[in-house]
Structure formats: structure tokens, C-alpha cells
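You will see subunit A twice below: alongside subunit B first, and alongside subunit C after that.
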Partner chain A sequence: MNDPKEALYYIDGVDVPETPPARDLDQEPWGETTVVGKPLPRVDGYERVSGTAVYPADMSLPRMLYGAILRCPHPNAVVRSVDTSAAAAMSGVHVVMSGFTPSSRALQAHRQLIESNLFNPHCRHEGETVAAVAADNPYRAQDALRAITVEYDVLPFVADERRALEPDAPQVREGGNQVSDTQQYQRGDIEQGFVEADVVLEEDYRCECEIHTPMELHGCVAQWDGDSLTLWESTQGVYNVQAQAAAALGVPLSKVRVVNRYMGGGFGSKLAAGKYTVIAALLAKEAARPVKLVLTREETLLAVGNRPPSNMHLKVGVKRDGTLTAIQFTGTGTGGSQQAGGTSLLDWIVRDLYVCPNVRTETTDIYINAGPARPFRAPGHPQCSWALEQMMDALAQAIDMDPVELRLRNIPTVSQGRNNIPYTTTGLRACLEEGARSFEWQQTKDAITTESDSHIRRGIGVASGLWVAGGGGPPSTAIVKIYADGSVNLNMGASDIGTGTKTVMAMVVAEELAIAPGDVQIEWADTGSTQYATGSGGSKTVPTESPAVRAAAIDVKAQLLELAAGEMEVDASLLSLADGKVVAGGDSPKEVEISALRSLRRRGSVTGIGYRGPNPSGKAVNPFVAQFCEVEVNTRTGEVNILRFLGAHDSGRVLNLLTYRNQVFGGITMGIGYGMTEQRVLDVDQTGKMANKNWHDYKLPTALDVPADMTCLPIDLNDTEANTTGAKGIGEPATIPTAPAVANAIYNATGVRVTGTPIDPTKLVSALAAARGED
Partner chain B sequence: MAHDRRDHDEKAADTSGISRRGFISRVGAGAAVVAVASKASAESAKPTETMQATELSRITLTVNGQQRQVLVEPRWTLSHVLREELGLTGTKVGCERGECGACTVLIDGKPRYSCMTLAVEAQDADIVTVEGLMDGEDLGPTQEAFVEKDAFQCGYCTSGQILAVEGMLGDNPNPSLDEIRIGVSGNLCRCGAYVHIFQAAQRAAELKQGVGGES
Partner chain C sequence: MIPEFNYVRAQSLTEAQQQLSTDGARVCAGGSDLLGCLRDEVFDCSKVVSVTGLDELRGITRSRDGGVNIGALTTIAELAANSTVQELYPGLAQAAAEVASPQLRNQGTIGGNICQKPRCWYYRGEFECLRKGGDTCYAMAGENQYHCILGGYRCYIVHPSDTAPALLALNASVQIAGPRGERVVPIEDFHVAPRDDVQRETVLEDNEIVVAISIPQPASGLRSSYRKVRARGSWDFALAGVALALAFDADRVTGGRVVLSGAAPIPWRSREVENTIIGQRIDATLAREAADAAMSEAAALKNNGYKIPLFKGVIEEQLLAIASA
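Take a look at the complex of A and B:
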């Protein structure tokens, strides 16, 4: 695993699996397409708006019980005893278990990603699991939790990573609060770089901890048939959950079937099984009845992942002509009380986004007594972008250059962070140039500077970015089957986490087989019946799966045409598909309905298999982005009204313009939350507990916080090297530069730079007052 | 595999009985005190009967035009009863404390958080869930508009958004963009599909007024 992204999206210590080489069939890049690229509504839109889509939390099985988890209320405590007798005696309560329950595997380490025991005798964060129950209904389950008595030895805590390395800080784990050695990266001669600079700027930046909180709560339904377990889990990766649940339970993979048809969002927090998954399975085993275990919103804010807070220092040198001469970056972060990637990929943008020969970075991951981090939509990138893109803005100002122009002077064609291997395509220049044109950057800038001196100030901002992954890769296997009547079934293991994966894949099949996407029946995300797929994360689902699906469609088409060639007595190379028919071109045009092919009817179906081929060797496949926004700031109240946003994206070929646009707008919306409203608040001095573990106080952006005026500008560079569909990922890049673009626009409007997220009115109004020389 | 409803007998078996409908309050630890007025005795001021939190009462809910009899604990929310008792899982739950709007249903035509409404409070009201917007197997106009404009990603907030729009259009068939934004501002969408939701609301208004065809 030398690519930094791999550790995040695959299971630690397990090799990234390979799929067999693709069959030798013609897979030329598409030219003109008839279906692919169109703005088509989703093939499963009906299910999602009618209420018929069954999400895991909607499941109901005969004799099903409801599980619930008791969690530690302290940031650091040892569990002395757990008295479950009163709970166990309650009517309607079927199972109560804790770390003190004899038998069970409850004390075994729950391996990778979740490194602590299922019920940990030492709870190192608020929200650690202490006990669990299964009861007739969720209310009874909560009653039972309240009837459990736990004795804790409450220990001193540290809840702020900025203080955790002080010598007298309480130890989260033996061996100190630094997770591992400081990670360092260096190229060129940083000191020399600063000497060569005309201007050197330095600044501190901080990003607060952001929490995924997908709309559907984390959870699952567990059912045993003898020694076989079925889990209906809200997950981004059924095969991940299968592997982790099987390992935790000590059963073979074939005894664990994980199904996830519809799921209500994950953003990285649902790539792995949770403790709740294993707990649900154990409760179900003990009760000998199915158990539905859905967490509460409070639990999801405490215990199932976050984007770690980051403290960053940047020192950058630039020449008057805009050439960057040196970048020095120091970052710290925390994944909470576990080794959970508190500084994962935090410096990648510094290493790779702009041409700069002299770069030095240092990142230090620190333990604190708080809930674990998980991958969150472009791990590390929005943080680093917050720092670097505001710094670029400040540098541009310092050398009196337009901020778009400064970025254009430093466009890379090779991946400097990977020893200068080239990118298959670098759309960054086009994103900036075409984005600026379409946004009317210059005109808006001119208009604003001539405006009068009101307390309502307008400003514009830009920020660009790239995402370290987004090229996808093996393994993936897909199967496309043509039934005797010519209708089609697609079988793939990937989850559709709301990004439109099913729709896009149906369009790929439709493109190859000349049918309508809505006519493709799809079987997906079920370890028992669909093909192996890695989790849907890292913006890699479309570039991973679409080439495999295309290969399967090409394979099945070749077989079908061969059958038809025999019956039609025409060479297969002269045949093609159109409207459910096999059509022979050439001198004697003929056509046969697919459903009329006798050999197909005798066989019942033809089956094509597609594998994801390897990525181009020695090349990097990355998406690029530039975003532009305009804001209006009320300098008396600190309120910011974001007027419009434009996202210019190089994510390779657009497979469905409608769902692509939705990803861009969704990424911008999430980025607005990151920059403007969201923040985990830990009571670091008094209790160490989270002070805003609900959606009232942890503020997601609402319909009133985002502009209705959003534009998506795809920069489609025709990447023929990346893979056989030319697609790169769009989900993560869409959110990377949003927050700094807003911060830069606020600076442009007010002359005040806010270097810490979120820029809420309280913070901004005091910054504005300070700038005016008031207190 | 979603079953409409498990049989009630298993649950009823271990409760201490079914109270008649009327004034109910409860004492004991751990649950809220609930008073429920029936029509018959609405003028009376005092509870006349005390019951346990876990006792079941028989109530009648009018959901999507149908009368549904259901046994409920007084503390059960409408969202719980719709989802877990009546099998109407189109109504989603994101927070169970009035913060997200995933559970929005129409109560007497107004969008309401069903997690903040007790089932017993919803007797005598006209409740409409997303399933009730269907015309048989066909989508209603607001649902159509959401598909056409791709006004969702994961779809988990979507029923709530659709009912918020439906309720808004009931009051105001021609909302401005600002009115739409306010109309759906009580419904969070973590996937961030708001811009498409605004477009869908506009489209739904058109469709309801019989403006078909391409938009």
C-alpha cells in the first residue's frame, strides 16, 4: 500500500484484492454517446419518493426485538461493576448484556478500526459502549437501559488536543498522548526557497471537528437462522461489514450475509461495521429472535465518527511574479481516544496541488478522550484547503495579483507528492479559467470595488483543490445477464449511497446494449447474491464500477451477437443491437428480435462478466476543482448571506449530468456547513463531555443557509487513460474548497480574515469590531 | 421483507391490560406525564384514571383516509406508531426530537413533526403520510417533481421534504422562491439537495396547476 489513500478505504493489514484481467474485448473509449452523459432522473426515484424503498431502519421481521446500547457518560472512566438484574427482570426485556456478562464474546477485542473491546472495561470517551439490551419495543429497551446500574471510577480527562501533549496532561493511553512519531515529508530545500521569495507569509489556522450525521441513523437488523447470520445494515460497503462482523464473531464469511439496499447517507462514517453491528448480532443470538438496533441521534454524534479537528500552521514564500518558492506546513489533529487517523492526508493538498519545488510538512496525531474519527468526505483535504487556499488569497493580495491568476501561475502537470508521475489529466487550469469566465469573476470584481460604503458589503472568493483518490481501481466484478426475452439484469456488489450509482450503471449498460436505463433490473449490495465490491467511499465507486459494468455489457453483447450470427447466418462483426433487435448491416440488411433467437430461448439467458482492469501504471488519476462564490456581509451583525456559488469540476467524463450536478451542489452545501455552521463543542475545562450532541446545537446548514443560485460547470477533458469509461470521482472534490472560497469572499467583502471555522456571526462580528479597533 | 404489522397479541400478553379511552395520566418513574382528551369528556378538567406508562390504550387514527385501530402506550409518538405499528415506513426518523423534519406528516393539512406528536394526540385528526400522496401506484405531482428535478440523494429526508412542500402548496399554491426556502427550512437534508428541492417545489406548484410537459 504505497498510495496514501489505500489505507483509508481498505481493511488494514489485508491486501487490496485483485480481479482477473479483463477479457480481450474491444473497449475503446466512447465517442458520441446516446445515454451516457444525459441528465436522466434516477432509475430508483420512484422507490425513494413513494416510501416503498425499505431502508435498514424500516425493516420489520416476525418476532423482531429492539436493541439499545448503554453508553458511558464520562470522558474517561473505568467500569467497576454493571448491575443488570433489575433490567433483566423487567417485562418485555429479553436480553441484557455487558462486559460482565459471563459467556459471550463481549470482552473480545473487536479488531480493526474498532480497537477496543465490545464493552470496554476502560471507557476512554463519552459514548463508549457499556451494556446492551433487547426488548419488545424501543421504549421498553430505553426503560431497561435506565434500570441498569453502573459503578464507574471516574478518571481525569483531556479533551483538547492542543493541551494533550503538555507534560501534566492525563494519559489517554499508556505510552503518552502522541499516537505515533510525527510524520514528515520533505522535498527540495525549504530554507533556500524562503530566501528566494519576495514575500513570505505565516499564519495559524484551525478547523473544528465536524460530524457526519447522515440523515439515516447508524444501525442494522440482525437475524440468525441457526449458525447463519443475516445483517440488513445501513452501510457504504456490504463486503466490509461482512468481513468485520465475521471476524468479530469468529464465523466464516459464508455464514454472514450483509444486505444493504437503500441507505440514508454515510459520508464515510458507514464504511465499516460498528460495535452496534456486532452487538445486534449477539443480542439476536442470545434472544434467538431478530433484533433491530438503530442508534439515537445523540449516539451518532458521540461515537460513530467525525472529521478530526485540525490545527495548522503555514509559512509560504512567493515571488512577485506569482511563483511559489517554499511551503512549510505543520499540522496536529486528533482521532479521539483511538488510533483513528487524526491527521490522515492532512498535508496532501500542500504536497500536491500547486507547483512548488521546496515543501516540508509535519503532522502529529494526538489522543484525547473523545469519540473516534472516521473517514469523512475527503479526509484531511477540506482542512488543508482551508489553510492553503486562504493563504493563497493572502499571498495574492500581498503581491498585488488577482487570486485566480496566482493559482494559474502554479498549475502542476505531474503529481509532485508522488515523485512527479504525471496525472492522466489535469483540469485545474480549465476549472479556474472557465470557472472564472462563467462566474464573471472580473466583471463582478470591478463592480464591487466601485460600490458605496454601506454596512452591507459584497465580496467574491475563489478556492481550488484536488482529491488524492477518485480514480478508483480493482477489484470489482460485475455481471450482466440478458434474459430470453431480451430484458436485462445487472448484478453488482456496490452500494448506492445516494450518489446515483445504480442509475449511472444502468446507463452504462443501456449505452452498450441499446436499451432504456429503466429497463435494467439491478441486483446490488448483497454479499449473498452479488459480486464483490469495495465500499462506496473515496469518490471511487463510479470510476471503479463503471468500467467493470461496461466490460460485462460488452461481454454479454459479444456472446449474444455470436448466437445471433449463427441463426442469422451473418458474420457477427456485422451485427449490432438496436431497440431490442439484432440488426445486420451490410449488403443485405436483416433484423431479428432478441426474444426470437431460438438459441437464447433454449439457454434461458446469456451472461457476461466484467472485471475492473488495472489503472494506468506510472500515472495519477485525480479529480480537480475550482469553486467561486459571492457573499453579502452585514458588518453590523456579522451575518453572511451567500448569494451564489459556482463549482467548476474536472471529474473526467460526466456519466449522468443530473446526479453529477446534485453531487456538486451537495458538496458545496456540506462545505458551507463546514465553513459556517458546524462544530463539535467539547466542554474541555469542566466535564470533558460534548455540549452539543443534538441537531439543535450542532448546526447543519438548512435551506436558508445555502444560495438557490448554484452552478455546476463540468470540465470534461476526455480522459482516455484513466479507465474505460473515462470517469473520475466527484463526491469528495465537490466539498474540498468550498469553505475557504467563502472565507476568501468574506475577506474580499470586509478586509477581515477569519482563520478558524466556523465563521458564525458571533465570531465574525467580533473580528469586524477588532478590525475597527473596538473591543 | 417489511411486514405491515406483527401481531399484537404477543405484546398485549405481558401488559397489565387495556384501558378504555378517556382521561389518562400516569405516575411512576421514567416517563412523561400524559393527559389525553377524548371528545366525549373534553370539558372535564381532571384526570379520572391513572395508568402505567406501559399500559396499552386502543385508539383510532385516521391515516391516509383510512381508520386504523391500534393499541398504543400513551408515551408512544405518532412517528413510532406509523412506522413500527402500522408499517408506514415512508415516514422516516432522524432525531426524534423535532430537529430534522424527516418525520414530517400532514396533520389536518399542516406539516408536523410526527416525532413531536404523541399518537394519542393525533386521534380525531386527519393524518397524511408520503404513502397517502400516491394515487394507487402512481406518484402524486410533488413526488413526480422530486424525481424529475433529482431533489434528493439518499432519499432519507425526502418524505419529510415532500410533505413540507405539499403542506406549503396547500396554503400557498404559488410560492415565491423565498417562501419555498422558508417552507422547507424545517427539514434538514444532510446530502445537501436543497437547490434541487427548491426547483422541485416550483415544479410541483406547476404540476398541481396542470402545467405539464417539459419544464
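Take a look at the complex of A and C:
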């Protein structure tokens, strides 16, 4: 896998059409900007905060029914029979279906979505779908589920990937519990590399399974009009859902319209249609009424995605001068009972982040009887970062070098994981240097070492990272329309998954057309009426969509100015837009209100089309990051108080400073959850069921777990080679190195290294006691 | 989703008791625990009897003996913010402030807090465990990282309340109204250990209602505190906690109680610590000795061994802190 794009989750399985050539218009990089780059609030902030924004779960249609899904309570069981007669006889219950219902079987198999059946008779994880109902209110739907009797043959299970390859482990699937051959990567001569090292360290690391818990639950509303289906789905990509739902239902794309205006988070778990999508469509078809199907929190914790747990071993050699000589990495993971990328991108950071001529990696994906993984904010990267960044810290100490300095000694200018093609830009050095300066790394370090020996200890930590993607790319089409009065409409297919995409795109339009972002009407995320876009994932929405939107704005501007040139009898090249006017510079200044252009009024509107052009060939476009934090540790109790955080990020040009900061703070918050509180707990020794499938036992970080003192330091490198807006992605890099930065700070404070997530008192207090020689 | 139930809002204590005498009826105060149990189908409940209309069960008053009387419907937030409580029993105010989250403290009552059901995730989940009438304790050999290290017997829950340990340290008693009139039970005898009955958490009969909690006048030189260690900053139960109510004469401990939370199926009085410190001046050596003594009988399960150093650490820290307060 020399080009990791091959395996990138957000384009995997989605056909990528050729981009039509761009119109031959000037798309020079911006110099000074007037709107772009400002910290502007959301264009839809009022709607979101006031509650007028309609999310799929808020939808209500005339005669709408409520769907609900019965799920298998066992980690491994075969459904013998499903008795739905009592449920079907209940008043208000319109449809009951199971794997024995003919309509549910008439589906096309669709990759991971539906392995062979919508209701698979062999349930290989707790929460697998067994039956579904539609009733006239949600309570009756739940009562109907309770009235269904299922006979299961309960089978032995394995719920821990660390045991699943043992010879006597129950088989999740025929052919054994290893998903495919171990993936290997090698460059240089690893043995020679270890020989050249002055210090070689080895360590085991583990990251627990983390679950996407977007505030908005997964779900949709399905409505048929004749043979045409409309789905209002909470999704990151309406076109993905359209393709998958159409394939599963065996109907043309033109018969499935997917709409998602507002949505409340996905983090990768909503890039694809769910079984629930297809179930809702079938229930609606059979009932001949619209059906709303929104999962419960328990269902989302069990069945619609997670970041796989990872077990990693690192052996790294370094010279006294900080040169890395060899990195050897072995990792295992599990995507649950399906092929779901249990180790996807797990070793990328090892291959690409630091200069090292000799690298060997091995990853092995394993089946267990648990819910499927789905892409989760930078798949594989936070895990690998947890291991490598703690190892870098340990190496720095072993050679008596500052950990920032060790990283600075190993900054690549080429992508070693891709046969040394150059990066368009790399701000890694600037992230580390400027980040350290702004954090006052050295001063804090000096201050801490002279502190008293109280049981409350302070420490600082650093970790850096990169994200394998983040450059975006084709395809994308955007349309910008200028109406007769000069006001503007933007049409794009991308979702705004809560990150502020609409705001950023409105700013791009505003920049080109010299209007206020709030004056741009936006239509988005609707396969019926907006242009094709790939799903919002991979930190690619801004670098993918903003150039297309800019191109459309430039196109419409050129056409408008041509119209104006005719009426004003001035050469179009002398014209520009300002404040709703067309202005002619030069010797005889003239201006005309856009709304006064007769030709525009006669046409009604002018329409510009923009396509996303190709990425530079032979170059890698990646964002870079370094994060710093300071902690206070109670060495008697293992409590950690994170005092402050700084994220220094190179994500190219900053298009909106406020939404950029939101991503950095949100990423750090999520990283703190990953490192400090979150973990799926399966009852591995007894029932295989999930013990903490609710929001108090599955511990997301709260406001009190996150420091009030957070700083976002953009390294604002305009990446003019990457695309025409100069932006790279920020969403995923923001969460990659957070957890190991905290782990390193805890080590700095206490001398104790915790190599497993999450570092809560249950782990740290024992490690601290052991370090003191207590048992 | 909550299964169907009937709902009545009682207008008097007598009516509440009458309503409660049908099978499957349950008292509902703030509902913050009860409704969660119903939604998770932890137990059956055919009738929810709300007592929120009983104003006589509200409020904090000074009692004639110089202590306080806390109505069962007093919210946790009111308790935490009450100036008398803060002044006389800072440990109780601190414990109340450590409960759950602001929303839950506004909704939850002190009566409900001491009566709340265990948080064992098997008990709350779809597991027919011993406490729910089944024949297995899943925690014993399962995921028991949050379970007890003291007082476990067939069932290994920890008592979830933060206020009960502080109340026990302060020698509070519970006033209970029942069909045969009122009775007063020292809070020390209010909670039921699994050794005595594995399916019961309190001595309350089905139709009894907690009316109030009273705390005697603080002894002279009484200092109290509550300290809670948890896995996240808010909205989380105690991994380990310690409630202290110690009387000092100058710097010598003359009496009082030490109660652990997160340690045992009931608020756990640590006589080992009390015996080590009473009559003594607390210094670093004694604090350590007391902390070790507290854990002398502790028995860890597979995943909760960390609680032993954790309790030692927090007890040591808190004894030193109260000694220098």
C-alpha cells in the first residue's frame, strides 16, 4: 500500500467520477483577504441555538409511524424462530418484520451494510438486528418489540481479540478469527538499524475501544411517494447513503432522494447508510406511510460503530544525537464480527511522521463477537500516536534530550511512507517550535523541576502528529447563482456535520463576490437538488469543497462582469464588485448597482459552476500538529487535573478562525476522553455483553475534565500548491496527539508511565503505588 | 422506554401510605433514580406514588437540641447551599456538592439519595443477578472494577450515595413514617448489608416513607469533611471516598467517626481508622498507619485491586488535612 489513499475509508466503495475541466479563469491564490480568515460566527448559529433548525429526529410528517428494532441480546447466537404474531395483533402496530418476512430477504447484498440479509439469522454480536416494527407511536413500537418471541441457539463467543487467536477460541466466522493475512510494511534494514542505535527501547501499549457517541442519535425518516423514496437521514454524506440504500433496495439512484439539513455529529459513524436506513425504508413501504426510525442510545453504543481497540508493540532505536535508526511496530485490533477495518491505518504514523530509514510494521485484524467498527475521527492515528509519542518521550529521556528537541531532529520533508514524495507544505517544525515558545515549554520545565516534594506534582508533555489525508480532492461540483437583485445562492451537496461547513463556504463566496456571508442563501446536502459531493469525513470537506465553491463564485463573477461590461461599455477586465455594485476603475470611474443591470434582470439570474480540480501530482497534502499540556497529579490518589492545553496546527490557510478553533478545542476534548475516561467494557469472561452501554457508565469527559485554559495556535501556512484556497483539513489532526501528550505530562510529573488507556485513578494509583514499592 | 405504570400524587402522608400499600407501588421523590430504574427495567413498578406534594417533608430547620432536621424532600442542591449545614456540618455540605451533576442535584432529594438503588452495571443491565432474584452474582467473576473491597458477601455492590457516609459520620438518624406510626432509625442501622439480605438496601418496609433526617448538635471541637475520588470530574460515582467527623481537643482527636464510600455495599464505618487515631495527634506516621489499618481487612476482586492503594492514599491525605484544618 504505497498510496494510502487506496484504502481511505471515506472514498472506499464510492465511485469517483472524473472532474470536468475547470473553466479557464483566474484562480490565483488569495493574497490579503477581507472575509476569509476572520473568526466569524456560524451563518446558521441562530437556527441551531434557538431550536428552529430541524434535525431528522425532529421531523414529523402526516400519518408518520415510528419504527423500532429488536436486537439480539447475545454476542453469538442463531435465530431459530421469531414469533411475531402477538406483536402483529396489537392495536396501532402496522408492520412487523423479521428475517422470515419475504420482503426483508429480497434485498441486494451490500458490502458491510447487509452481509447477506437485513436480519441475519446468525447474530455474531450483541445488538445484531433480529426484527423490526412500525407502530403509530413510539411507545406502541416498544411494546410490540417486547411482544416478539425469539428462540435463539446461544453459541460460545469470544469477546477479547487478545484471546481470539488461541487455538480453542470459538470461531466468529468460518475460516478462523484472523480477518486476513497479516499486513506487512518494510523499508531499509531494520536489524542494521538496531545495531547502529545507541539506545533501543521496547514497550507494549494498549488503547481501549472508544465509541462514537454523537449527541444526535443515528436514524432517519423514510417516505415513499409511488416508487420514489425520500430519506431524511442524519448523515455525513447524503450521496453515500443514496448509493447504498439504492443498491440495497435494488432501485435506480433517481428513485432515492436523501436529504440532511441539520445534523448533530457523526465522527465517522454516519458516513454510510445503516441497516436502520434500509429497515425504515422497508417498513415505510409496507405500511404505505412514512416511518421515523431513530435508534436508542443503547443501540448506538452497541451496533453502529466504534474505534477499534489496539494492542501495539514498539521497538525503537535512537542514537545519542537523536537520530532514529529503526522502528519496529506490531499491532493487532478488531473491528468486531465484521470486516470493518480493525487495524486500518494503525501503523501510518510510524511509517510517515519521523525521519527513519529502517521501518518494519505488521498489523493483524481479528474477529470477535462484538459490534462493528466504523471510521472514527482519524482512524488508526490516535492509537499509533499513543504508542509512538510515548516512546519518543521515553527515548528522549534515555538519551537525555528534551522531547521537543528529539522531535525537531527528526522532521521529514518528504513522505517516507509514500516512497519519499514531497509534502506540499509541512508545518511540523513550526508547530513544535512556535508551539513550544507560545506554551513557554522551557520556562515551565525549569519551574517544575525546582518545585517542592508535595504529593501534588506538576508535569508537562508534548506530542506531535500528522494525518494521512486532509488534502481533499475531486470530485465536487458547486453552483453559485446571482439573482436579479444581486443576492446570492450557493448550492452544494456537502453536509455540514456541525463543523461550520456552510459558514466557511459562505465566506468563500463572500470573499469573491464582495458581499456579507450572511447574505448567501445556502442549499446543501440533498441528492435531489444539490450537486454531487463525497461524504464529510477525512478532514477533507473544506479542502475539497472550498475550491469548488470558489471556482463557482469566480465563474459567476466573470459572467456578471461580462454582462455589466456590455451595459457599461467598459472592458470587463477593468470591472470589479464592491458593496452590491459593479465598479469600473481606471480613468473614468463608473459604478452600477448590480440590481440595475437590465440584462441580469431579464435573465433572472446568472449561474456559475465550479469543479474541484485535481491535487498536485506526485505530492502529499497532509496537515501537521503538535500539542502541549500541563497537568497536576495527586500521587496519593492518581487523580489528574489537566491545567492547560495548547494545540499548534498546520492545516494550511485558516478560512474561519472561529470554526478552526472549535475543531481544535473539540479535538482536544475528544482526545482527553480517549486518554482519560472512555472505554467500552465487555463482560468478556461470562456473557460477552457490553457492561456500560449507557452514558453514565461509558464515561465521556465533562466540562470539568477539560481545562478552561486551551489555546489554539494556527500555523497559518497558505498551501498554494494543494488547492486554490490553500486550506488543509483540521478536524482529525486536532485529536490525534492529545492523549499521549497527557500521558507524557503525567510521566513528567510522576515518573510513572501508563501505557494503556484510559489513565484514570484505577490505573494510575496502582502504578504509582507500585513505583513506590507498595503493593 | 419506560413500561406502563399508574401515577398518583399524594396530598397527605396518610394518603401516600395508603397508596403504597398496594403491591408494586413505589415512592417517587425527585424521580432521578427511580425513573432510571424503570426505564432499565431493573424492577417492576405498577404504581408510582409521588410525594412531592407533601410540603411538610421539605426544608432544613434547627432542632431543639441544637442540631438540624432535614426534610426528606430537601434537594441535594439546597443541602449543599444551606448556610447552617455549611457552618455546622461542612462535611455534609461537601458531600452534597459532590453528588452527580448540577441538574441531578437540583432534582434529587436527600431522602431519595439515601434510598437510591445500587449502580452495579449488571444490576442495572439485562442480567438476572442475585440481587434481582437470580442465582448468580455476575460481578464476582466479571467486570468488577467498580465493586467493593469490604463487606462483600454474595453480592459486591458499593453503596452509591455520597451523602449517606457523611450522615453516618455525623451520627444522623432517619425518621420514618409507617402505617404503625413513626420510628427513628440511626442511619448506621438504616442500610442493609448483603450478608443480612441480598435483595434489600434499606430497612424500609414497602409502605414506609422517609420523612426527615436529623443530625445531633456537633460535639465541641468537631471538624468534618468529605472527599471523593472519581474517574471523571462530574456526573460520576465515587471510586473511593472518605467522610470524616472528628472532634479535636487542640490537636488531639477525642472522638468521632470515619466512614468510607465506594468501599462496601453500605456506607462503611472504619473502626480500624477510628481506633488508630482517637486519643492521638495525627501526624504523617499515624495517618499512614491509620490508612494501612483501614485496608487490613480489604479483599480485592479481579479488577478492583487499585482501591486498596487508593483508599490508603485518600485516607492519609484527608487525615492530614483535617488535622491541620
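One rule holds for everything that comes next: the second predicted complex is superposed on the first by the 749 of 775 C-alpha atoms of A that agree within 3 Å, B and C clash if a C-alpha of one lies under 4 Å from a C-alpha of the other, contacts with A are read in each partner's own complex, and residues count from 1 in each chain.
Keep in mind that, in the parts below, a contact is a pair of C-beta atoms (placed from the backbone, for glycine too) under 8 Å apart; a residue touches a chain by one contact, two chains touch by 3 or more.
On a predicted model such as this, the values are computed, not experimentally measured, just so you know.
K.L.:
May I ask you to decide whether A:E433 touches subunit B, subunit C, both, or neither, giving the answer as first, second, both or neither?
P.N.:
neither
K.L.:
Considering only touches as defined above, state whether A:E362 meets subunit B (first), subunit C (second), both or neither.
P.N.:
Neither subunit B nor subunit C is touched by A:E362.
K.L.:
Looking at the overlay, what does A:D83 touch: subunit B (first), subunit C (second), both, or neither?
P.N.:
neither
K.L.:
With both complexes superposed on chain A, which partner does A:P761 reach: first (subunit B), second (subunit C), both or neither?
P.N.:
Second partner only, subunit C.
K.L.:
Looking only at contacts as defined up top, I'd like to know whether subunit B or subunit C touches more of subunit A.
P.N.:
B
K.L.:
For A:A57, select first, second, both or neither according to whether it touches subunit B, subunit C, the two together, or no partner.
P.N.:
A:A57 sits against subunit B, while subunit C stays out of touch.
K.L.:
Is A:E203 contacted by the first partner subunit B, the second partner subunit C, both or neither?
P.N.:
In the superposition, A:E203 touches no partner, neither subunit B nor subunit C.
K.L.:
Is A:G45 touching anything from subunit B or subunit C once the two structures are fitted on A? First, second, both or neither.
P.N.:
A:G45 contacts subunit B only, not subunit C.
K.L.:
Tell me the contact category for A:D402 with respect to subunit B and subunit C: first, second, both or neither.
P.N.:
neither
K.L.:
After overlaying the two complexes on chain A, where does the subunit B footprint on subunit A coincide with the subunit C footprint?
P.N.:
Of subunit A, residues 138-139, 296, 694, 696, 701-704 contact subunit B in one complex and subunit C in the other.
K.L.:
Name, in rising order, each residue of subunit A that touches subunit B in their complex.
P.N.:
Where subunit A meets subunit B, its residues are 41-42, 45-55, 57-64, 91-92, 136-140, 143, 146, 212-217, 232, 262-265, 267, 296-297, 497-500, 658-659, 661-663, 665-670, 694-696, 700-704, 706-708, 710.
K.L.:
Sort out for me which residues of subunit B touch subunit A in the complex.
P.N.:
Against subunit A, subunit B makes touches at 1-3, 5-6, 10-11, 14-15, 30-31, 53-54, 73, 75-76, 80, 83-84, 87-97, 99-100, 102, 129-131, 134, 139, 143, 146-148, 150, 152-159, 162, 177, 181-182, 184-185, 187-198.
K.L.:
Considering only the defined contacts, which subunit A positions touch subunit C in the complex?
P.N.:
Those residues of subunit A that touch subunit C are 73, 138-139, 142, 296, 455, 634-639, 676-677, 681-687, 689, 691-694, 696-697, 699, 701-705, 758, 760-763, 765-766, 768-769, 774.
K.L.:
Residues of subunit C touching subunit A in their complex?
P.N.:
Residue list for subunit C touching subunit A: 1, 40, 101, 121-122, 124-127, 138, 141-143, 145, 229-236, 239-240, 304-306, 309-310, 312-314, 316-317.
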